[in-house]
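The structure under discussion is supplied below as structure tokens; questions concerning it will follow.
Note that the chains take the letters A, B, C, D and E in the order they are written out, and that residue 1 is the start of every chain.
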Amino acid sequence: MNQAASDIALVASDYKSGLKPVWCPGCGDYSVLQALTKAMASLALKPEDVAVISGIGCSSRIPAYTSTYGFHGVHGRSLALSTGLKVARPELTVICTGGDGDGFSIGGNHFMHACRRNVDITYIVMDNQVYGMTKGQASPTTDPFWDSALTPGGTGVSPFHPLVIALASGANFLGRAFSGDPKGTAAMIEEAIQHPGFSFVQILSPCVTYRPDQKDWRNKVRPAPVEATSDPARAARRLMTDDGFNIGPLYRGEREPFKLNQNNSSTETYDFTGQFEV
Amino acid sequence: MTQELASSRSVSIAVAGSGGAGAMTTGNLLFDVAAKQGWFGTLTRTLGPQIRGGEAAAMVRLTTAPTSSPDDFFHVLLAIDWKNVERFAAEIPLTSDSIIISDVDGGDVPEVISRSGAKIVQLPIAKTAKQIKQGRPNMIALGILAEMVSLPERTLSDMLEKKLGRKGQEAVQSSLDTIKLGRELAADLPVVAKADFEQPAPGERMVISGNEAAGWGAIKGGIRFVAAYPITPATEVLEWMSSALPKLGGSLVQAEDELSSINMAIGGSYGGIPSLTATSGPGLALMTESIGLAVASEVPVVIVNVMRGGPSTGLPTKSEQSDLNIAIYGLHGDAPHIVTAPMAVEDCLFTAQWSVHLAESLQAPAIMLSDQFMGQARAAVEKPEEIDFGTKREVLTEGVEGYERYAVTDSGVSPMAIPGLPGGQYTADGLEHSPTGTPSTQDAHHAEQMDKRLRKLTEFDYADHWAAIEGDGDIAIVTWGSTTGAAREAAERLREFGINAKLIAIRLLSPVQPEKMAAALAGVEKMLVVEQTHSAQFFRYVRAQYDLPCQAKAFNRAGPIIIRPGEIVNEIKNWS
Amino acid sequence: MTTNEHLKLESVSEMLAFVLAVETEASERYAEMAESMDAHNNTKVAEIFREMADIEELHAEGVQRQVTELNLEYLPKADYKWSAPEGPETGDFSDLHYLMTPREALLLALHNEKRAAVYFADIAEKVTNDDVKKMAQEMAEEEREHVQWVEKWLLDYPEDENEWVEDVDPPVEQG
Amino acid sequence: MTQELASSRSVSIAVAGSGGAGAMTTGNLLFDVAAKQGWFGTLTRTLGPQIRGGEAAAMVRLTTAPTSSPDDFFHVLLAIDWKNVERFAAEIPLTSDSIIISDVDGGDVPEVISRSGAKIVQLPIAKTAKQIKQGRPNMIALGILAEMVSLPERTLSDMLEKKLGRKGQEAVQSSLDTIKLGRELAADLPVVAKADFEQPAPGERMVISGNEAAGWGAIKGGIRFVAAYPITPATEVLEWMSSALPKLGGSLVQAEDELSSINMAIGGSYGGIPSLTATSGPGLALMTESIGLAVASEVPVVIVNVMRGGPSTGLPTKSEQSDLNIAIYGLHGDAPHIVTAPMAVEDCLFTAQWSVHLAESLQAPAIMLSDQFMGQARAAVEKPEEIDFGTKREVLTEGVEGYERYAVTDSGVSPMAIPGLPGGQYTADGLEHSPTGTPSTQDAHHAEQMDKRLRKLTEFDYADHWAAIEGDGDIAIVTWGSTTGAAREAAERLREFGINAKLIAIRLLSPVQPEKMAAALAGVEKMLVVEQTHSAQFFRYVRAQYDLPCQAKAFNRAGPIIIRPGEIVNEIKNWS
Amino acid sequence: MNQAASDIALVASDYKSGLKPVWCPGCGDYSVLQALTKAMASLALKPEDVAVISGIGCSSRIPAYTSTYGFHGVHGRSLALSTGLKVARPELTVICTGGDGDGFSIGGNHFMHACRRNVDITYIVMDNQVYGMTKGQASPTTDPFWDSALTPGGTGVSPFHPLVIALASGANFLGRAFSGDPKGTAAMIEEAIQHPGFSFVQILSPCVTYRPDQKDWRNKVRPAPVEATSDPARAARRLMTDDGFNIGPLYRGEREPFKLNQNNSSTETYDFTGQFEV
């Protein structure tokens, strides 16, 4: 069902696998899938040269819904999988995806270190401020007073600022998008993929089932008032006072992406015997 | 004064000292020179808890034929000093035939040592060293020992030149002079070993540690990506590979922890690059969840686990075989995978290469269980032969419509599409899935995928590599890993003694090989299972998995005292 | 070596407390250094540090006796009255090496005693209270005696046989 | 039309539906009303992969006497609709005697269902519901089933009042009216069950899930601190405890991951507060390193592991017993610890309480292996008796000079100082240590601490709780966990059949009880080991650890299809 | 050898266990031990009411050298142990200790979440920018070009800023000390223990064995030029430009420490039966 006259160019739907998502109708993740496929189409990426990697959670189901290569790993380790893949196969486009629980709770250490390592990966987190898949517990981005069966009355713990942490850890591109705006989200993902080094996109993606209150996000989000900076200190200042609803690219860093200290030898064999001779 | 060789075929010497006395250096030099001269053997060590300046002993066994066994006791213990020697005295057994050499000014021989009844010789080690400018007691010690094992002047000076040359001629000369004084001090001591063989041709022999051999074998097997998190005693595998990989276009990345390193390795391998990580017990424990992912998603990956004493942080610098259980059974759910174990330092090379071959051929994780004893030992061995195990990972060579990544095949192995191949796109999944990889909770899918994942392992032809089977007889010594050396030597001694003992040393711990084992056990009436664990893990494992047509008994002990051949011999002699 | 400008020792009891703190800390530090050398099997240097600890302890005991003789009920808190990272006579852990030689150990001690002598002389110069001044002069004198004593001791180790640049037994891993 | 009871003692009914059709609500209400009426039984469920709106079936078994077994097939399957029923059709076995009730307008009965040959009755379910304002098809279904199991009007309306009351009288009335129409629709259907017993007195019975029972038992055992990371199907244990703990001054903290939750629990327990965490396979895998720490540092801690299908993420909503291996063998090094398993929903209460008692008494980690089947099942049972296991953690009551935290005692248990006690200060350590806790690599210390840590477990008196042993005979059915129900019912049926079968259901999986097992097996000639794993983990375990004086055979199958009593009966009948 | 006439007060040496450290002579950790014991003495803490917790590493050996309660846990999990202990036993003083590898590499996730949770714990990291215990590999705080056997030529990864991350994550007190100044270090630890909520002290503690170049730190450190602020945004600005050698308290936050949503019931028993009755 190609809409373009050229029958070579792929459109968003060509990046969908056709498998029916298990997501609840109304879930923000549908739009994220839409945006992701759109971004890939717009970048004319070959599906076979892209790998979409994830952990566990509702959002982490996304790889199987794309027509690219994919890996649905274990909870919290998607960035490590992605790093290994990208370092071993630098020519691939590696897109890491998942949820706020997967990425910031159990996966928090990899998040920090992936930002620091600055491997050329795009990390997309569908942040719904809840553990959707396990029936609604608080995640690191959840409001401290949000009531749940596991933490009645709330966790009492102040929320985690993913963008601040990412910046402090050394991520090279930061942006925030809202699933309710799939076009904007697609544009953001597109830029993130193109930006060298580690790019992180926080997508506000409501959970209709456990956070019906997030309906309200539509009224809260607004475009970020200023252009993205490339100065970390300035970006930090802005993010410190950010209320979580500014949408758009927020930081475009200029750090060199991770390079292996690797002699790109293409020799098939090498004789190590000499090292061990007496 | 000269005297017969301590044993017709071997001599064991320990050098102890503390606080930077140089015992390890002495041991290493002695060993290297002997190896150059044509001796086979092994050098191991034992350490105090300090990072530096701790008490240490180098333990050298020299043999005329290749062996990986320790001897029952040491013929010579030379102590540069005695500080804190009780910390590892039990690791240096002596008999009344042994000779203890110590410094006249170094105080009394501690009771833990002297109670062996060994002959004590006190020499002016430190004082003599002072005669030379920058002369050091450990070089006196080297001189004494070189004399006692009659190592030629020339080989020794060549070696010193090689090892100390960068420090300048003066340093070398001072050492040589000191060594000479040491040799003189030994004039009245018995010669405990004398090489009556030719110095081997250059390139014929090598000195290598198990950890280096494991790294090398892995690279020979095809590993080109490594994700690393350091841990004792596995770090050297990673460190060796970090320099070696770039020579072949490969790479190593340091990860933030073991959860990351195993997943990085899985990620690399999913990308088609044979990948590895190395760790020890605590790290392996952190990896098991993700090793299970490799099982379910059918991604080959090699984990070299160099065992140390457990449980928990345990005894990081001591050897034990107690990670057998976790390696085999430590994954949640039913998660069939490969577990291998080298039998000696040099076998780390073969087994690592083979483990890569198995992981790649079977699209499954392979855990190779080495241990601190062989990992950190240096062995003088014959140069290994080149081996090629042939074909590797079965990949999809061309995209197909409706590609089934997890197709249910006869062999159980399904061609794997490597990212980059058009038309091969699929999503690897740790959730149970249908043949295409789509998550499924259906009984039929679960059953067929479980069967397939098991079948590919059990139906594979492991050839003769699964075990080393030597000798014949109605008694079998069944073992694995680094106790193989002692078991083999025990079997040899028993044979000399008129008891026909068969050695069955298992290299492929999992999957089990029931038919091959049955054949190996044909005619065996008693089997002694030898292992270095507290709970007889291997004995229990063998009983669980194999139908044993004979009486079976465990001879097991936790680390750090290794099992010696004489103990096995006694155990069998006393088993009526 | 910086003396503390704000250091105001206005009474004998303050001075005594101060000296006691300095000497006790120096003694304890030497004792710890001796222990660390013991743990790394450098007994010769350990002995030197132990001896230094004893000397400083004797010194402290002397001060304690004075306190008793003067019938001082209790001493003001004297800690943290100097701004240098360490006490004027306290050895610095980071100067140690497991292969350090007796000579190096004594040079370290010498350095500490010299610092202490200068330090007390400086106090003597700056304080206004005469009793305190006198006491500080006495202290400075005592420290100078220590200096001489260590210098004499050094004669037993004329040659610098430092070898730790060449570490025969390289460090090992533990964890 | 009425008809005989489907079975003299039990009836099994499944209600299926999708997309919010309310099958689960129907099942729950039916079950609650039946329980109120005096029926025993169990309610389980099976689900599609969607978070909401997925296809689901509630599976109810009602019995006149307590049982935790499923029956061999369902007497009635009522489908509100048929969407995606093939996803779990295999979990609802039917025979030609079964009755399938479906909506006339709901399309044909799918072949996977109809091929059973069951009698098909099509009723105007949806259409009839429409007759009532806000009437819902699932209430029609409830009416039909209520009639078929002859549940009294009154009990049903009381229950509806209780459950739906907060939605207002109108909602209740609408439901009651709909139910009534359902009952009328069933006029021509057979009555498959009829209670001829009295309604039990209030407080005599309860309906509880295994996960709730586990939480409650843990609190009864003394748990006052819980660290939690959610995971299916264990989350309810944690959620229940989070509300219950504050009532007793206890607390629950949500952790960032399982590495944290297990360590938080160990930290709390080190502080003297009995502590717990709950998880499932993937989480357990992440915890093993630190459970090893609890072993080595001798800190009691309880881990409730509610098993699901493996390997890897596997089948999160389905039951399996395949975490047996990791629970027993999954720690690195030799790390003796306690592994227990409840045998049924209500036994989760007893076993959890007992597990706390064991962990605390033995200063060791205890892993309790529950599973999805019993964890998420709701059971109608007798109110449990109060149990008190008596003394708890042995603590140091007064500071002593030279306190030895890890003193080598006869029992192996050493009094533990709790922070706050003057003179009890020590450092808990995961490194091997001397009795005072000082790290040591000495063989003698390692050996004595290893012995002590094992001895305290093996020498403890576990009384009769280690297993349930029922009946006598030369055939034994040996099992554990939630397959016990089926095994017990199979044994009963075999006895009725004239075959004397003995049931040995093991509650204490580790440490093993060789003498007690030998006594239990006396006279047994054949044992059938029944379990829900792919690789016969339990069978292998029993073989490894026990000397079996008889023929042994495994009857095992991976999840998600549970093992039913008839299968065991057949297996034994066919075992010649 | 009490200097005060009162013979009840404990002095620093009373907080030492007498066990001989395995640390290399010259290791900065000796001075940290000195400073820690001094701080406890100065606060007159009862040794039995203090627990010193650690992970694995040279620095993590510290608990056994104190005369308080201690727990030498596994690598990277000390903060989780500490959190469990403090939450279960709020009346204890809990001091968590360890190295840069233990705390920021394998333990990074717990670090971030402990800051966020703000439990009243003091966390002391002996930062020597290296893995000492395993023979000298790069840690997260190591310079990207520092050569090691595992990463020849360096990791190429920019270093982790522990204080920035701690601030961004929500720690309530931040300070940096230098082991070469044990008195200053003691004062810092003292303040950190007294400050409510999660306090983090980074102690520059040289590794003489693998980082002999750190001798040089003595000349680099300097007192922080300005007083510690209690404004996170201001602290962030300062830390962004900090070169790692400013010594002193750097941030004194005013967030409420973590409180359990806990009904402090002292009932021994409670009848739950009612919940399950049919």
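In this text, a residue touches a chain if its C-beta (ideal position, glycine included) is under 8 Å from a C-beta of that chain, and two chains touch if they have at least 3 such contacts.
Values in this document were obtained by computation on a predicted structure and should not be read as measured data.
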(message) Following contacts chain by chain, what is the lowest number of steps it takes to reach subunit C starting at subunit A?
(response) 2
(message) Relative to subunit D, which chain's C-alpha centre is the most remote?
(response) C
(request) Could you quickly compare B-C and D-E and let me know which has more C-beta contacts? (result) D-E
(message) Quick check: how many Å separate the C-alpha centres of subunit B and subunit E?
(response) 38
(message) Between subunit A and subunit E, what distance separates the C-alpha centroids? Give it in angstrom.
(response) 32
(request) Averaged over CA atoms, how far is the centre of subunit A from the centre of subunit B? Could you give it in whole Å? (result) 42
(request) For subunit C and subunit E, let me know how many angstrom lie between their CA-based centres, rounded off. (result) 29
(message) Quick check on subunit B: which residues sit in contact with 2+ other chains?
(response) 49-54, 231-232, 235, 256-257, 259, 282, 289, 292-293, 297, 312-313, 316-317, 429-431, 439
(request) Return the residues of subunit E touching two or more other chains; collapse runs of consecutive numbers into ranges. (result) 22-25, 56, 58, 72, 74-76, 105-106, 108-109, 112-113, 133-135, 140, 151-152, 209, 260-261
(message) Among all residues of subunit C, which ones touch two or more of the remaining chains?
(response) 39-40, 42, 98, 171-175
(request) So, with touch as defined above, which chain pairs make the list? (result) A-B, A-D, A-E, B-C, B-D, B-E, C-E, D-E
(message) Show me the residue ranges of subunit A that touch subunit D in the complex, using the header's touch definition.
(response) 22-25, 56, 58, 72, 74-76, 105-106, 108, 131-135, 137-138, 140, 149-152, 155, 209
(request) In the complex, go through subunit B and note every residue touching subunit D. (result) 49, 86-88, 90-91, 259, 281-282, 284-286, 288-289, 292-293, 295-297, 309-318, 320, 322-323, 325-326, 328-336, 429-432, 439, 441-444, 446-447, 450, 454, 533-535, 537, 540-541, 543-545, 558-561
(message) Please output the residues of subunit B touching subunit A within their complex, sorted ascending.
(response) 32, 35-36, 202-203, 205-208, 212, 216, 219, 224-225, 227, 244, 246-251, 253, 255-257, 259-273, 275, 289-290, 292-293, 297, 380, 383, 399, 417, 419-431, 437-439
(message) Quick check on the complex: what are the subunit B residues that touch subunit E?
(response) 49-54, 228-232, 235, 238-239, 242-243, 252, 254, 256-258, 282, 312-313
(message) So in the complex, the part of subunit A that touches subunit B is made up of which residues?
(response) 17, 19, 46-49, 51-53, 63-64, 67-74, 76-77, 80-89, 91-92, 109-110, 112-113, 260-270, 272-273, 275-278
